[in-house]
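Next come two complexes built around subunit A: one with subunit B, the other with subunit C.
== the complex of A and B ==
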C-alpha cells in the first residue's frame, strides 16, 4: 500500500474483524502476496480487486486458513490465527465452483457446519429453513445439488456458509461462473443478504464493475501488492497509481512534470507541451517530480461545450480518429498533436454531430475534472487505458 | 419425389438400427459364450450319468441339487466366508493404497497405478505357486511366524485357512485398488476444503465427504474380488488342504477328475444363483444410484 492513500481511507470503526499485519506469501521464489497490511471493519462489504495472479485469492485463502502466510500475522477478532487450521477458524467461504457436496441433499449441505458443531437437531432445522428463506430457496431442501441451476447452487453455497454466522464471510469470485444477467441479479441479492444478516463480507473479484457496485471499500491489488484501499468513489476519482486509474474504469493518462504548487493547486507541464492546473488532492507534490495527469472520458470535452467543475484547466489540440455511437454517449477517439490517443464520452450537450473522423478538435476539461496521480508513467503508457477493438481498427486503417 | 423419400427412409432406418449394429458383436459373443454354455450347464445339471465313461442322459434329475446342498454345504459356507474375509482385507489394504496414490501420487500417479498391475505380467498360477515357496515350513516367513507367543514350534502357514485367504487377497487385490482409485481420482478435493471450512477435522471430512463419494469404487471392487474369490480353486489347491477345500475345488474335482458332469454342473449353478442373490442384496444395501456425481 502506498503511504499516500492511507490518509484517504476512512477510519475503521472500532477494532477490525480481520486484520492483516505485513502478510507475505511466497511459493518458492514466487511472491504471491507482499506485505499486505489492512483491517476489515465489522459489517463491512470489503472487496479485493485485481487481475488474475495479483494475489487476491491467495490472500483470501490465507484468511480462510487454506494457506499459511510465510510472513506476518492474520488476526481474527484480536486473536492471531495465522497457524490455525481452517476448521478451527470462525470464518466461512463461498467457493468459486460452489463445492456443494454432491452426495447430500440441500438440507444436509446447509446443515453440515451446524452439525459439525453438535447443534441440537431442532435448532439445525429452524436455522437451515430460516437461511433457505433468506436466499429465497425454501422449497429446495430435499433436492440434490445437481438438480439445481447455477444461480440456485450459488445461493445454496451462500446459505451453507452464512448459516454458521461466521465472523466474516469469504467469497472467492462467487459470481464468475454465472452469465451476465444472473450476475447482475446476484450482485443486488448479495448486497441485500449482507444487509439482512449484517455479516462482514470479504469479496474477491477481477470485475471492477462488480466491486464498484457492491463494496463499501475496495483493495486494488496487482502483482502481489495492494496499490490502494478506499471507497469506490475514492478509487475511481483519486487513484493512487496509474494501474488503479486504468484498472477501474477507463482513464486518459498524460505524463507530466510538476512545476509548482500553491495551496491545493498544482501547476504541471505536459511532456507533450502545454501547462495545466490540477487539484493537489491533499498531497504535496515536489516541483520537478514526474507525475501522471488523469482525465476520465466523461470529463474530457470539446471546447465550447458546457463544463462542470470549474474553469477550463487547459486545452489539447487533437484530431478525431473514431466516433462510436454507444447509446447514451458517443465514444470519441482523438489523437493529440503529440501522438497520444485519448477517449472522450460525448453527451448530447457536446453536440457530437458536428464532428467527423479526421476533423480537428480542441479538447478541454474542468479544473476539478482532472486528478494528479503521484506516479510517473512512461511515454508509451500515455493515452487512454482501454481501447475498443473498433477504435484499434480505425487507428490501424487511418 | 420417390428418390427423396427413399433417401429419408434409409436415413431413418440407419439411425434406428445403428445402435444394434454396434451392439451385435457383443450380443453374439454373449449368446455364444455365455447363454449357450449356461444352457448346456443347466441341461447337464438335470441329467444322470449312468457310469463314469458314458455320456450323461437328460432325465430331469433334481437329485443333483439336493446332493449339492446336502453334501457340500460346508464347502459353500467356507467359500463365502473365505471370499468375504479376502474382500474385507482387500478393502483394508487396497483403500489406503488407492487413496495415497490418488491424493499424493502427483506426477507419479500413472506410474504407481502401473505398478499395481505389474503382478498380472506373471501368470496367476505361477504367482500362486510362488507363494508356496514363500510360505514353506522351513522358510523365513514361517520362522518369524513361529516366534508369535500363541504359535508352537511346529506351527505352519501352508495348508491353513490363513494361507488360502492370504492367497485370495493377494491375487485379487488389483481388482480392488483400481476401481477405488478411479472413484477417488474423480472426487473434487476442493470438497474437502469446503468440509474443513465448515468445521470438519481432516478425519471428519474424509468420513463425511470423501469416503461416501468413493463408495461406488468400493462397491465395484468388492464385486470384482468377491465373485472370483468365491469360485476360486487354485489358491486352495496350492496353499490349502482338503480341510480348507472350497466349492471351486469340488467343482473342479467333479468335472476334471471324477467326470461327474451332472453334479459339477448343479454345484456351479447353485454357486451362480447364490452369488447373484448376494450381489443383489449388497447393491440394495449399498445402493449406488444417487451417488453418481
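== the complex of A and C ==
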C-alpha cells in the first residue's frame, strides 16, 4: 500500500495550483508560521501534519484568506492572492465544526456558493443534486442541518464546498469531531470523493495515521516550521529530523557520532558504546558530526532471528522489560545497558516465547533496517519516541 | 382562567441552531395533594399578575356616568365603536407612536451593532463597554431625566419631540444591546467565515447569514423597547417641554377627566403586543422543533 502510494504520487513538476513563497505569519512576538515554502500540485491530496500549535491551521487559513501573511507570498494558479479577501479566492474550506448554516435547509446550504456567483436556477438545481449524489445523501435536500448526524453534516460541508469546483479544497481537521469508526469510513470516503472530482485537497490533521493513509504527500510541521515534505513512504522510512521520526509512527532513536563515510555506507559510534554501519540515504555526513540512528520497532529483532535487508548492522545488549501480546506481533520493551528504552515488534519467526521479563536479550537489525537522521539528539531523548497512551499505561502496569 | 400550573409559557430566548446543544426538557410535576396545591398557588399568582390587565379590558366596556371611568355603571360597546373620540388623547397617542417608532428603530440599529461588536470581537474597552451598558438600566430614571434636562437646557436646546426621542433612544440602546447580546451568546461565528469562503461579500454575508440568525433576538428587543418607549413617563416628563406623549396626556387629563378611551387605546397596544409576541414565539417554536 505504501509503495503504491509513492508511485501514484503526482509529480510536482509544472505549475503548482498553490504555491507558498517564504510565507511567514506573526501574531505580535509569536511566530506562528516561519518561512513556509512549498508548492501543491494539481489533483494532489496534500496533508499538513503536526501537533497542535505547529502552524498548520494558520497556514491553511492564510491559503483560504482568513489570515494574511506577515511576509512572503501565496500564489494561486500563478496569481498572487496574499492580500485577496476570502470571498474573492477560488478555494473553498471544510471547517472543523462544519459551520453549516442552521437557518437554511441542506439544498440552500449547498447552493449558497453557486448563488453567490449568480448561477442560473436550473444549473444550481442540477449541480446541487449531482454533488449530493456524490456524497451519497441525495434524499437530505429538504432537511435542516440539525436533523443530520455528525457524519452526514460532514458530507454536506464537503458537498457545499465541492459544488463550486474550487481550485483547491481546504480541509481543517474535518474528521476530528467524528468517532473512530466513522472517521475510518470517512477517510475512505474522502479519498473516493477526491478521485471522483479530481480536485486538489489540502488537508490539515494532527493524526499521523490519517495523514499516512490518505495523502499523496505530507508536510510535517512543528513550531511553525515545515520539517519535511514527502510521500508517506519517504517520511516514514527517511525522516529528515528526529521530530519527524518520532511523530510518524514509533521510532527507536540512538544518539551517534559519525566516524567515517565510504560511498553510501556510514560508520557511526554509538554514544552508549558500539559501532554500526548505516546507509547514508544519499547524504554526505561529516566525520565527527552528531546524528541520530533510527530503527523502527518492526526492524529491531533479537540476534539469531531471520533478518531482511542485509547483514546485521551491529548489536545492542539489553534486558527485556515488558512483553505485550498484540495479536500479529508481540510488543517487546527492552532497556539497553546505557539505560535507553527501546521497543521491538516480534513476529512468530522471532520466537518470542523464549523470552521473559528480566531475561537478557541481544538486539540487532539489518543494515537496511536503520536510517541515519542528520540531526543530533540529547541523551535523554534516546530510546523509543512515540507511545500511544494505552501503550504507556500498559508499560506502567507491566 | 383555565391555565394549569407547571406549563411554562413559550419564550423567545429558545436557543435556535447550534445542533450540539442538548435541550433540558422540563420535568413533570409529581401527583397528589402537592400537585393540586401547586396548581392553586400558580393560579393565584396568575390572577395577581393579570387582574390589573383584566380590569383595564373590562372597563373598556363601561358606560361611566361622569367624566371618570372608575366605577362600573353599565355595559356598552360605544367606546370600542369610537376609540378616537377624545381628540387630544388621540393625537398624544399618535405622537407616542411616532416617538416609539423612531426611537426603537434607531436603538435597534445601534444596540444590535453594540451587541455584535461585544460578542464577536475582542478589543480594548470590551469589558468597560459591557459595564457601562448596564448603567442606564440601573440609574434611577428620575436622575437620568434631571440630567438630560440639565444637558439640553444648558445648551439652549428647545425641548420637544426631538429631545424626547433622543432621550428614549438613549435608554433603549442598552435594553436592545443586552437583549440581542443574550441571543448571540454561544453563536457560532465561523458560519460568517464559511459564507465568505463560499464567495459572499461581507455585506451579503451579513444579510444572508448573520442577520437572519440574530433576527429573533432583534425582534424580542424591538417588542421590549417599543413597550418601554410607549410607557415611559419620568424621563419624558423632564425632556418634553410643551410636547406630550400618551402617558403624559393621560396624567394631565386625569385632573379633569378619565375617559374610557384611555382603556381602549391601552388595550389596543396590549393586543398588538400580545399578537406580536405570539407570532415570534410560534416562529421560534417552529425552528426549535426542526432542530430536534
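Please note the rule applied: the second predicted complex is superposed on the first by the 375 of 398 C-alpha atoms of A that agree within 3 Å, B and C clash if a C-alpha of one lies under 4 Å from a C-alpha of the other, contacts with A are read in each partner's own complex, and residues count from 1 in each chain.
Everything below uses one rule, namely that a contact is a pair of C-beta atoms (placed from the backbone, for glycine too) under 8 Å apart; a residue touches a chain by one contact, two chains touch by 3 or more.
Computed from a predicted model, the values in this text were never measured in an experiment.
A.B. asks: Just from the overlay, do subunit B and subunit C fit on subunit A, or is there a clash?
C.D. replies: Result for subunit B and subunit C: clash.
A.B. asks: Should A:181 be classified as contacting the first partner (subunit B), the second (subunit C), both, or neither?
C.D. replies: neither
A.B. asks: Once the shared chain is lined up, is A:147 touching subunit B (first), subunit C (second), both, or neither of them?
C.D. replies: Once the two structures are laid over each other on A, A:147 reaches subunit C alone.
A.B. asks: Between subunit B and subunit C, whom does A:64 touch in the aligned arrangement: first, second, both, or neither?
C.D. replies: Touch status of A:64: both partners.
A.B. asks: For A:103, select first, second, both or neither according to whether it touches subunit B, subunit C, the two together, or no partner.
C.D. replies: both
A.B. asks: Let me test your reading of the model: by the given contact rule, A:92 touches which partner, first (subunit B), second (subunit C), both or neither?
C.D. replies: After superposing on A, A:92 lies in contact with both subunit B and subunit C.
A.B. asks: Using the superposition on chain A as set up above, list the residues of subunit A that contact both subunit B and subunit C.
C.D. replies: The answer is residues 64-66, 85-87, 91-93, 95, 97, 99-103, 112-113, 116-117, 144, 146, 160-161, 164 of subunit A.
A.B. asks: Which bits of subunit A are touching subunit C when the two form their complex?
C.D. replies: 64-66, 85-88, 91-93, 95, 97, 99-103, 112-113, 116-117, 144-147, 153, 160-161, 164
A.B. asks: So in the complex, which bits of subunit A are touching subunit B?
C.D. replies: Per the stated touch rule, the residues are 64-66, 85-87, 91-93, 95, 97, 99-103, 112-113, 116-117, 144, 146, 160-161, 164.
A.B. asks: Where on subunit C does subunit A make contact in their complex?
C.D. replies: Per the stated touch rule, the residues are 16-19, 188, 190-191, 193-202, 204-205, 208-209, 212-213, 287, 290-292.
A.B. asks: Along subunit B, where are the residues that touch subunit A in the complex?
C.D. replies: Its residues touching subunit A are 188, 190-191, 193-201, 204, 208-209, 212-213, 290-291, 293.
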